[in-house]
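First chain A sits with chain B, and in the next complex the same chain sits with chain C.
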Partner chain A sequence: MPTVKINGIEVEVPAGTNMIEAAAKIGIEIPHYCYHPHLTVAGNCRMCLCDVEAGGRGPDIACNMQARDGLAIRTDTPRVKQMRKSVMEFLLKNHPLDCPICDQSGECRLQDYYMDYGQYESRLADPKVTKHKRQDIGDHLVLDAERCVACSRCVRFGDQITGTGELRLFNRTDHTEIGIFPGVRIDHDYQGNLADICPVGAITSKDFRFQKRVWYLTDTDSICTACATGCDIKVCHERNQVFRIKPRRNDAVNQSWMCDHGRMIWQDLTSLGRLLQARVEGQVGNTDAAMQTAVETLQGAEPGTVGVVLGTQASNEANWALWRLAKDALKGASVFWCQGNDPGAWDRVDDLLIDADKNPNTEGVRALTRHDASIGDGADLAHAVREGNLKTLLVLQDDVLGRLGDAADGVAVLYIGTHRNGTVDKAAVVLPAAHTVEQDATYTNRRGQVQRVRRAVHPAGDSRPAWQLLDRLGASLGKAPGASTAAIAFKKLSAQVPAFADMTYRALGTQGLPLVAPQPEAQTDQASQEHHEPAK
Partner chain B sequence: MTLPVQRPRSFLERLFIPEILRGLYITLQHGLHNLFHQDQPTVEYPDMRRVMPDRYKGAHRLTTRPDGKVKCVACMCCAQVCPARCITIEAGEDADEPIEKYPVQFQIDMLRCIYCGYCVEACPKDAIRMDTGIYEINSFTRQDMIHDKAYMTDLMDGKKPLAEKFYRDQPDQAPAGFDGTQDRVVSVDDSRGL
Partner chain C sequence: MDVPKPRILTRRWGLAGSHTLAVAEEHGGYASLRKALSMAPADITALVKASGLRGRGGAGFPTGLKWSFVPNAEKRAGKPVYLICNADESEPGTFKDRYCIWNDPHMLIEGCVIAAHAIGAKAAYIYLRGEFKYVKDRLDDALKEARAKGYVGKNIMGSGVDVDVWTHQGAGAYICGEETALLSSIEGHRGQPKLKPPFPAVEGAWHSPTIVNNVETLQVVPWLIEHGPDAYRAIGTEKASGTKLFSCSGNIKKPGVYELPLGYPMMELLNDECGGLLDGHTLKAVIPGGSSVPIMTPQEVAKATMDYESINEVAGSYLGSGGFIVMDERADLVDVLANLLRFYAHESCGQCTPCREGTGWMFSILDRLKSGDCTEDDIRILRDVANNIHSRTICFFGASAAMPVQSFLKKFPEEFFGRAGVSVPDDWRPAASAK
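This part shows the complex of A and B:
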């Protein structure tokens, strides 16, 4: 690995690392607009100019300087300061300064860098060049060409990531204008990313438009649970209300992207079918009473006729708690899991991020089944129900009745879940569960990456995290799984299931860890992998 | 804890009677003066009231553009700077205007406002001002103390404190002789520099 010197500090980085990343490693920020870690280097904004002390000819742009032995750069010379100031003056020359009505305000690089590196007096005597404002370029996007700094990030995204290439920079010099080809509209599933990567307010989100000033928002790191990919996200919320979801960088999962469907999962929190109160035989009531009914049903059931169904929609903790409940409190209960999507699930799929499996935790449940071979699959469940061996089913967020249809008539279903579905309508008892944005838990994505979700807002209505409901249910039945907090539940899970061995919430951090492979000798050493901070 | 204050007193002062008489004399002086002169510093509020100096921070108003729409673009600078956190703005998109963003609703909770004037200073659009000179910010309900966009936009035309509006709306509760149309207010110019 080559060693480079930045401002006199030596740093060793993998070959091919550019100077922006190398400097970030030792805490030196090199301002940049056009460089993005997951796009090619365009080198057109010139904001990252640095002085080259040795190993090259300078000044040169940091984004295009790759680490090589002997390279030494400086970012703190008067010349660098002057260059940054001049670049800012050029970029802002015709800028409309719409900040009061610009949604980017507060997270805008023009604002930030002006305060850090600009601070010049305007010398512009001519009228500013005007361009097209407020253009509708897609279902989720608004384009304001005047605010663009022509960094070409959005153009490269369209060319290199989605391959749709709708955006181009037209004309030259002062009149360079970002736009879409005539008659074209951006209609792929990754539009929101364009608003994210635009370092200024030229491309903004239509869904978030004027909803909130960004400086009021608090970010909570989490993951998207709309499909099995489990993109890393941050949930931006204020006063117990979610306003938007943005992707977070995780090179092992989603790079820096996420799909537009995942951005709107927070709308599920208050959507029409949300379960906010417990129900007994369709009658809305309080949780304690419903819990009592559930306990009586389970205690009154004949031994051997109780089954539990794990949920690929639910967290590792909840599935573990249900599994323990079946083993300890409901001795002899058979455990099942159903693979595949619930009827009526969202059906988009592509080879970029959106997975065909819309369950965020299929791999987590599969890891449990690998550990406990007695867990039956969907076919076993259907068989047992048809044979009439099961009279009571405790179901964790899985539309079991939607799958089984009439075969399950006569089975008493106790359901724990977040939203109304075919099972809820026929269930004897329904306990409302917290949404992923409302609880601490972990999910295992399609590649086996175990990642945390963190509570951003309070659980709506009477809903509670599923692991907590199951723990209370267990306590009433005489043996609680012991999930007093999510962290404790996860600790017990990792102690009991080898695939999660040695994992703790702290070790999972912001980027998660891969499941431990079944064979001990095949263990990966990724546990020590350093955590990437999301790129700005 | 109390601290004794030492005051040297002369013998005459310690007798008290001469001091009391001296005080009565001062009062009598003023009384006689006022009997024959009309330069009292007090005004007979509320029948008369002062014209406030230009920079007096009174009730807020929202300024308008020539077409009558508010100048405010719902940037939230005022709401952000307000130390009392009493400004609530709901932003919306104006499809016809080049300005795009406008406040659908704009409310100031005058019960919480501390009249610091930061909102006026923060506004990049000169959209909010406290130059109405209105200091009678009162009402009979808490709800009326939340000044909204419509109220603050029209404030300069009406120039009526809310209590008078209340009496106009509920004439049966108005004091005897109150007539919403009559202007009982005589403004007093403060040219004496009081």
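This part shows the complex of A and C:
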């Protein structure tokens, strides 16, 4: 690996690493607009200009300087400072300064860099070039061409990521204008990313438009649970209310992207079917009473007639707690798991991120089944129910009855979940579970990456994390799994199930870790797990 | 001056029917090709290197050296090599290439085939500026003749060498003369320069090694094959061998294209070849190498010779493409500069920040200055903007737009401050040489 020198500090980086990334590694920020770690280098904004001390000719742009031995650059000279100031001045030459009405305000690179490198004294006397404002370019997007800094990120995204190529920079000189081909509309499933990567307020999100000033928002790192991909996200919220979800960089999972469906999962928090209170025989009531009914039902069941059903929609912690519950408190209960739910209304699939499996934790449940061979599958469950062997089923967020149909008539179902479905309507007892955005837990994605979700807002209504409900249930049955917190539950899981060996919440960090695979070749490349600052 | 004035590029100009194959062949055309086809490609490149030939498109880069940057077959891993002839010629004040093609298209075709053979290209493209439709038609006719005669195409003259030559018409954008923008354009994209590195010789058209050479550069090649490198070196100066075409325009008696050995005294070019200034007028300034290069004062003109080194040493300017623009005392330099900047502000491809925003900015200040609606501060800003563009852009266009501003303001500040109604500030001159 070549060693380069930045401001006199030596840093060793893989060959081909550019100077923006190399500098970031030693905590030196090189300001940039057009560079994006997951797009090709365009080199057009010129904000990253640096002085070259050795190994090249300067000034040169950091984004297009690849690490090689002998290369030494400086970002701290008066000239670099002056160059940044000048690029800022050029960028603002024809900029409308809509900040008071611009959604980007507060997270705008023009604003941010101006604070650091600005001129603070306007020298602009001539009228500004005007361009098209407020253009409706897609179901989720608004385009304001005047605010554009012509960085071409959005153009490259359309060309290189979605391959749809709707956007272009038209015209030349200071009349260069970002726009969309006539008659075309952006209608792919990744629109929100365009608003994310636009470093200024030119492309903004329709869904977030005028909803909130961003400086009021708190970001909580989490992952999307709308499909098995598990894109890394940040949940942006204020006063217990979520306003938007944005992707977070994870090169092992989603690069810097997420789909538009996942972006809106927070709407499920308050959607019509959300379970906010416990139910007993369809009657809404308080959780303690429902819990008591569940305990009585389970205690009253004849030995050998109780089954539990793991849920690929639920977290590793909840599934582990249910598994322990079956083993310890409900001795002799058989354990089943079923392969996923119906994708339902959302049936999109592609090669980029959107997976056909809409369950965020199929691989987590599979890891449990690999460890405990006695866990039966959907066919085993159907068989057991048809034979009449099962009288009581404790179900974790899985539409068991929707799948089993009439065959399950007469089976008492105790259900833990977040939303109404066919099973909820027929269940004897329903305990409302917290949404992924409302709890701490982990999920295992399609490639076996174990990642954390973090509580961003309080659980709605009476809902509680499923692992917590199961722990309470176990306690009432005489033996709690011991999930007093999510972290403790995970620690126990990792001690008991080898696929999770040695993992802790701290070790999972913001990027997660791959399941410990029995065969060495399935191990993911450690290098790709390195922590990166989330790219904007 | 009494130096010999050998005619290399213009040797067939003036012959009746010089653009036809018959006349070209009668006067030595394609004899060099036959000889070159029997030479090893590397030997041709070595010969060109030894001749000291430097690119005539503006940058003056040694041609043989450029050719030697093409990776060998092993490193290319199956990728083809392309030769591109740059016939975009859009620099204001430069109008030699069109005459080269118009008067002697076969010399270009012959040069292209030899150069393609030398670098291992099977295809050569001649990229012509959009407005040169009439030139392209003549070149296409010549190509037809050459192809019919077997000078272009497969197994040329039975040598087993295949080189095809195609013409391509641009849409009339100055920036498409910049070699990487030309590549984007010929690939079918928006004519925008690309980042270097990678350099075209390593990764050019369609990601394959590509040599881009100016028309005049390639037209020298047949003569080099015929006469050898030493004969070429005997002409011109030590560092600038051979002859060069100068496109002479402005307030002179005989505007036109002149072929002269490099190192020819600038004053003699002006007074002898160009017939001198129009009667009753005095010299005010010269732009020696196309609109992009720094302007020269009469004192500098008197000292300089027409070669890369002298113009740079004497005046901090460049020989460029050899566009020699002469202005007498009637020229209003504020107006001239505003006119130049109108061009640059129109032609910037708009890709990179300083040039996109700065060219328009410079033009609007100058446009105001024309009518005196301008302050001393505005002129300082004008210079700042130029300094903030130069060397900070993707391609050399930025510097091309900045250099006229920097040099006019440095060498003729009275005209600018005078128009703003103030005298040249005391601190102006030393600071102006900051760049």
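Basically, the second predicted complex is superposed on the first by the 519 of 536 C-alpha atoms of A that agree within 3 Å, B and C clash if a C-alpha of one lies under 4 Å from a C-alpha of the other, contacts with A are read in each partner's own complex, and residues count from 1 in each chain.
Note that in this section a residue touches a chain if its C-beta (ideal position, glycine included) is under 8 Å from a C-beta of that chain, and two chains touch if they have at least 3 such contacts.
Just so we're clear, the structure is a prediction, and the values are computed from it rather than from any experiment.
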| item | value |
| --- | --- |
| Side-by-side fit of chain B and chain C on chain A, or clash | fit |
| Touching partner for A:Trp215 - first (chain B), second (chain C), both, neither | first |
| Which of chain B and chain C A:Pro100 touches, first, second, both or neither | first |
| Chain B versus chain C as contact partner of A:Asn64, first or second or both or neither | second |
| More chain A residues in contact [chain B versus chain C] | C |
| Following superposition on chain A: angle at chain A, chain B versus chain C, Cα, nearest 10° | 90 |
| Contacts of A:Cys148 with chain B and chain C, given as first, second, both or neither | neither |
| Three-chain overlay, closest Cα atoms of chain B and chain C, distance in Å | 25 |
| Residues on chain A lying within both footprints (that of chain B and that of chain C) | none |
| Touching residues (chain side chain A, partner chain C) in the complex | 41-47, 49, 59, 64, 83, 86-87, 89-91, 93-94, 123, 125-126, 129, 149-150, 168-169, 171-176 |
| Chain A partner contacts - residues on chain C that touch it in the complex | 173, 190, 195, 197, 345-354, 356-361, 364-365, 368, 377-378, 381, 388, 391-394 |
| List of chain B residues in touch with chain A within their complex | 73-77, 80, 91-93, 98-101, 124-125 |
| Residue numbers on chain A that touch chain B, as the complex places them | 99-101, 105, 133-134, 209-211, 213, 215-216 |
